[in-house]
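Down below is the structure, laid out as structure tokens.
First chain written, first letter: the chains are A, B, C and D, and each begins at residue 1.
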Amino acid sequence: MVNIGLIGAGRIARVHANTIAGNPDARIVAIADPYQPAAKEIAERFGASVFSDAQDLFALDNLDAVVICSPTPQHPQHVVAAAQAGLPALCEKPVALSYEAAVKLENDLNGLNPKVMLGFNRRFDPSFARIKKLVEAGEIGQVEQVTITSRDPEPPSAEYVASSGGIFKDMTIHDFDMARFFLGDIVEVFTYGQNFDPSIKAANDFDAAMILLRNAAGVVATIINSRHCAPGYDQRLEVFGADGVLNADNVRATTVQVAKKEFSASKEPYLNFFLERYTQAYTNELNTFLTAISKGETPTPGISDGIKALQIAEAAEESAKTGKSIKLS
Amino acid sequence: MVNIGLIGAGRIARVHANTIAGNPDARIVAIADPYQPAAKEIAERFGASVFSDAQDLFALDNLDAVVICSPTPQHPQHVVAAAQAGLPALCEKPVALSYEAAVKLENDLNGLNPKVMLGFNRRFDPSFARIKKLVEAGEIGQVEQVTITSRDPEPPSAEYVASSGGIFKDMTIHDFDMARFFLGDIVEVFTYGQNFDPSIKAANDFDAAMILLRNAAGVVATIINSRHCAPGYDQRLEVFGADGVLNADNVRATTVQVAKKEFSASKEPYLNFFLERYTQAYTNELNTFLTAISKGETPTPGISDGIKALQIAEAAEESAKTGKSIKLS
Amino acid sequence: MVNIGLIGAGRIARVHANTIAGNPDARIVAIADPYQPAAKEIAERFGASVFSDAQDLFALDNLDAVVICSPTPQHPQHVVAAAQAGLPALCEKPVALSYEAAVKLENDLNGLNPKVMLGFNRRFDPSFARIKKLVEAGEIGQVEQVTITSRDPEPPSAEYVASSGGIFKDMTIHDFDMARFFLGDIVEVFTYGQNFDPSIKAANDFDAAMILLRNAAGVVATIINSRHCAPGYDQRLEVFGADGVLNADNVRATTVQVAKKEFSASKEPYLNFFLERYTQAYTNELNTFLTAISKGETPTPGISDGIKALQIAEAAEESAKTGKSIKLS
Amino acid sequence: MVNIGLIGAGRIARVHANTIAGNPDARIVAIADPYQPAAKEIAERFGASVFSDAQDLFALDNLDAVVICSPTPQHPQHVVAAAQAGLPALCEKPVALSYEAAVKLENDLNGLNPKVMLGFNRRFDPSFARIKKLVEAGEIGQVEQVTITSRDPEPPSAEYVASSGGIFKDMTIHDFDMARFFLGDIVEVFTYGQNFDPSIKAANDFDAAMILLRNAAGVVATIINSRHCAPGYDQRLEVFGADGVLNADNVRATTVQVAKKEFSASKEPYLNFFLERYTQAYTNELNTFLTAISKGETPTPGISDGIKALQIAEAAEESAKTGKSIKLS
């Protein structure tokens, strides 16, 4: 039985709590959140103890691991606290607010022998994970081109945009990790940022972008981003190789098709947003974390994957603003 | 070069004329139709001679084959005339108005050594023919169940219904031949006729039917018929075997898919009716006929296939009217 | 909070236990199963009390409802016991081993004011339920034809077949309920039973069947059954109406498509069997039951739906054995 | 009746000849090709006169239009000759070997009042044309992003590559025109050229590329190119707009799907190459040309479209070689 401490009691914390509830080998024993009503609601359901200050949770001696769902600015301090307490940690993405802060975190962890898994949930999506497995099995030979389509159903609020850190760190960060999932280290990035939404432009941000990335071997990925998409949360992947092509289509609530006088084979819109679309990915991610720590292994993706995604995000932004192709060191 | 005489100058005759025009090894040299304007229009385009009476065409000495597109009641006499003239013939379906008339035709042809191919065009549809070929190659093992969905886009006129011979001989006849294409000889038929359209009921006919057929080996086919279908001409086939399943979907004019707020992957309606849906089938059918006679072979399907389809049609009608399962002798 | 007693601790009981675990408004408080290790395993996880004899469970005074997952022969006695205890019950299908036993159960319940929901889980499948809702909303007008394709991935063991009650009561029973879901009461049935599997034939049972059913209004359903299907558990539905057509396709584990030199758009096999294929249906079914009893409503489908499905099953078997179309009284 | 002169008797010339044969309002009256056997073969079939030198054909007085299928280096002189003879011309793409040569041609045509249509056949593909029409009808609102996937089934021979002018002018030229079809004038281009095929790299050419283009309004298109694709000729289009998304999928020979133990819904490979894939596009293109000249209209796309596509091609090549985003004047 793995005893888990939950840092944060927000939306994602509840997703992880449900996964733990369904896993007969794990249980939540403590929850910390400054907002006590949220923490208490989860705690009561699972019979866990409640804290306001995360430091009190880290001081417990009956924990086997922590899941960090605190606000992004606190990620570094909670990751360090977990490492100091000798606890494996699953930390939500992004690992820090900036590439600089992430590099500082990496330095702070020096000598602490941390076991940190970063919550890039899309790597655990059943379809994307299947494609990865097929690629590794040599099903399509050498990978040559990757197309990542990633569009949100609707733009976030002006407040959210203002504090988001910009589209590349907030939204495309997942796609940069997907690109790295298939291409490994990226050496060059080029971006056309787009502005169709005046309120997002007013916030000095882009609401869409088309991005090219390449690795040292010349494999290229294109990322197609938009902050809106009429039929829902558009999340597709195509991996093209020497001997074949692999695609993952969007996910819908049912398999129903309608045919009428004017059209046929009409399907439902895509699942609307990440909590529905990636439900199974969150479950698989947490279970992967639990399995790894049960076996004493260091789970992946880790801190360095978070740092590299942030580095690409900052380069993509520089490219969009300067019109130049940016080389990564 | 195969010199062809065309009996009839109607809609199907023009389809066959276009196929011959695109075949560099064949040409139309004569056309017969009592309605001279139609015959002349085709003749002028291809430089062919024109006749009012088909007997004059059969008397020509420069013909290698005939294509019979006359009204159904005249099929038997034109097939006999072709056989008497020693000419291979492609005859449109059905071979005769009734099972009885078809059997009489078969007797009349005795000793004439006829080379007659019957125009069951669906056997030459690229998708259905591919399925047949895959079945014969053993791709799905022993065939066990066949599902034929066949719905017209819109009901025919009351006049047409009145003289059609009923849904089973007029429409399902194609599906009976499809069932025979995969099951061979049918030994038993059961039918529920359906009446949703009052004007067709008034003509003492059915506007829909669901039919089961089986062969001596116990393989069963179901035919699903309707005289209307909102999204167009619904023509599908599923063949289920011991080791797999083969399906042919409907055909659309383009591959375009539309996604909007309320739906996604919405395709065009099906092609509207048989001339569009089976264009390629008509072309392949005629070219199969031409190839066979060039090689001196007897093309299939033949007269006996037409007779057996008519026999099933009459049994299906008897089943629908008596509520009994009908055994074929 | 709804306190639930679980009768039986087998495979389906565990499915229901997981659904209850994920529902914050319900909990399992007692489990009864003669096989104690299975009962204890579930009980420990949820802190429930354990009984060997179901009668002891029914005697508890802290229950709000029971879920009956005992072997089919015991369904009637457990349904009656629940009614006598004034407890709403969700009972797995079939309600009894025969039409006769089911009618007897109905009589035994007279005056007991039972609240029994029968576990015809497919009515709660997201895709089939969506089609039902669209039909009721008038999306495709008057329903005219229904096609139900239902094939198991692999034949059951000889032992299972021997005690199954035959394909129609064991397997097609679900499809008969689906037919009733869209057609209401059935007035006539015709069946061709099929034998391709010698071991099933040796057990005097069919391993495949094609069935036609009609209601008093002349709407016809066809059911296509097989005890095997190479690509997996084949569960499809087509509802054809005056103004359109609705289809539910099979379900796959991912949306991945593979394209190589010889083929394209190749998808995964279908989910392999009912626990995977109908996971969400079982969840929705149990939650529907919980919602109904919370509101004091009588949930559906009920006992009479189980009786009518059994009546059709016996008529289908009679038709397959006599070659006659059977009218239901 | 439109009397047509055909310049060239190669592969594309035969495609156009077949279209003309199927059009009752047009006929081929003359063919010119230095290689006389090819010219004679077509001429005999259609009863046309044959010339070795195109100048003799232009001197005829019974022509209404010409179709120019000569080798690319001769396109400019034949276009000028047609204009001097007052004949409308359909000229195969590319209009000239280089942007410079194309601009020179435009100057040479000054004052000749030419009616020249350029054979960018993909604009006439039924699916792409349907998308264009739906976009113009406002179906998806303002266009924001376009994704063009264009992969050849197999790399051309080394000889072909050596004289092709490079991937951008030889292959991507069609995709540049597609981008212009939806974005209008392009103002900036960025390209990552790719080298996986050593023999193409040896010819100092790329065998794959991923390209971004944008117009003055900030609409961006991405082009995904490869000289090989295992499942066939990969030709897809996605147009994303404010209110929806339009897609055109690949084309296959049949609608057959195979399901077996390991996979399901497996379709045929894509049609193998442009003559099969774009058969209907070539037909529609020529008929559009014939309709325009029958009405005395100037058909599009024209010379200037060819020039602009060449300008983009040269910029894309410069970008791939310099690593810089190139602005078009």
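Here is the rule we use: a residue touches a chain if its C-beta (ideal position, glycine included) is under 8 Å from a C-beta of that chain, and two chains touch if they have at least 3 such contacts.
Composition by chain, UniProt nomenclature: A, B, C, D = Oxidoreductase, NAD-binding domain protein.
It should be emphasised that the depicted structure is a prediction, and the values quoted were computed from it without experimental measurement.
Distance from the centre of subunit D peaks at C, each centre being the average of the chain's Cα atoms. More contacting C-beta pairs link the chains of B-D than the other of the two pairs C-D and B-D. Because subunit A and subunit B carry the same sequence, their contact can be compared by residue number, and over half of the numbers here are used by both.
Between the CA-based centres of subunit A and subunit D the separation comes to 42 Å, rounded to the whole angstrom.
Per-chain Cα centroids separate subunit C from subunit D by 57 Å.
Put simply, the C-alpha centre of subunit B and that of subunit D have 39 angstrom between them. Contacts with at least two other chains are made by residues 140, 230-231, 243-245, 250, 258-261, 264 of subunit B. Taken pairwise by the contact criterion, the protein chains are fully connected, each one touching every other.
Within the complex formed with subunit D, the subunit C residues making contact are 230-232, 250, 252, 258-270.
For subunit D in complex with subunit B, the residues that touch the partner chain are 18, 21-22, 24, 45, 126-127, 130-131, 134, 139-140, 243-251, 253-261, 264.
Of all residues in subunit C, those touching subunit B in their complex are 140, 142, 144-145, 147, 149, 151, 188, 190, 192, 194-196, 208, 210, 212, 214, 218-220, 222, 224, 226, 228-231, 234, 240, 242-245, 323-325.
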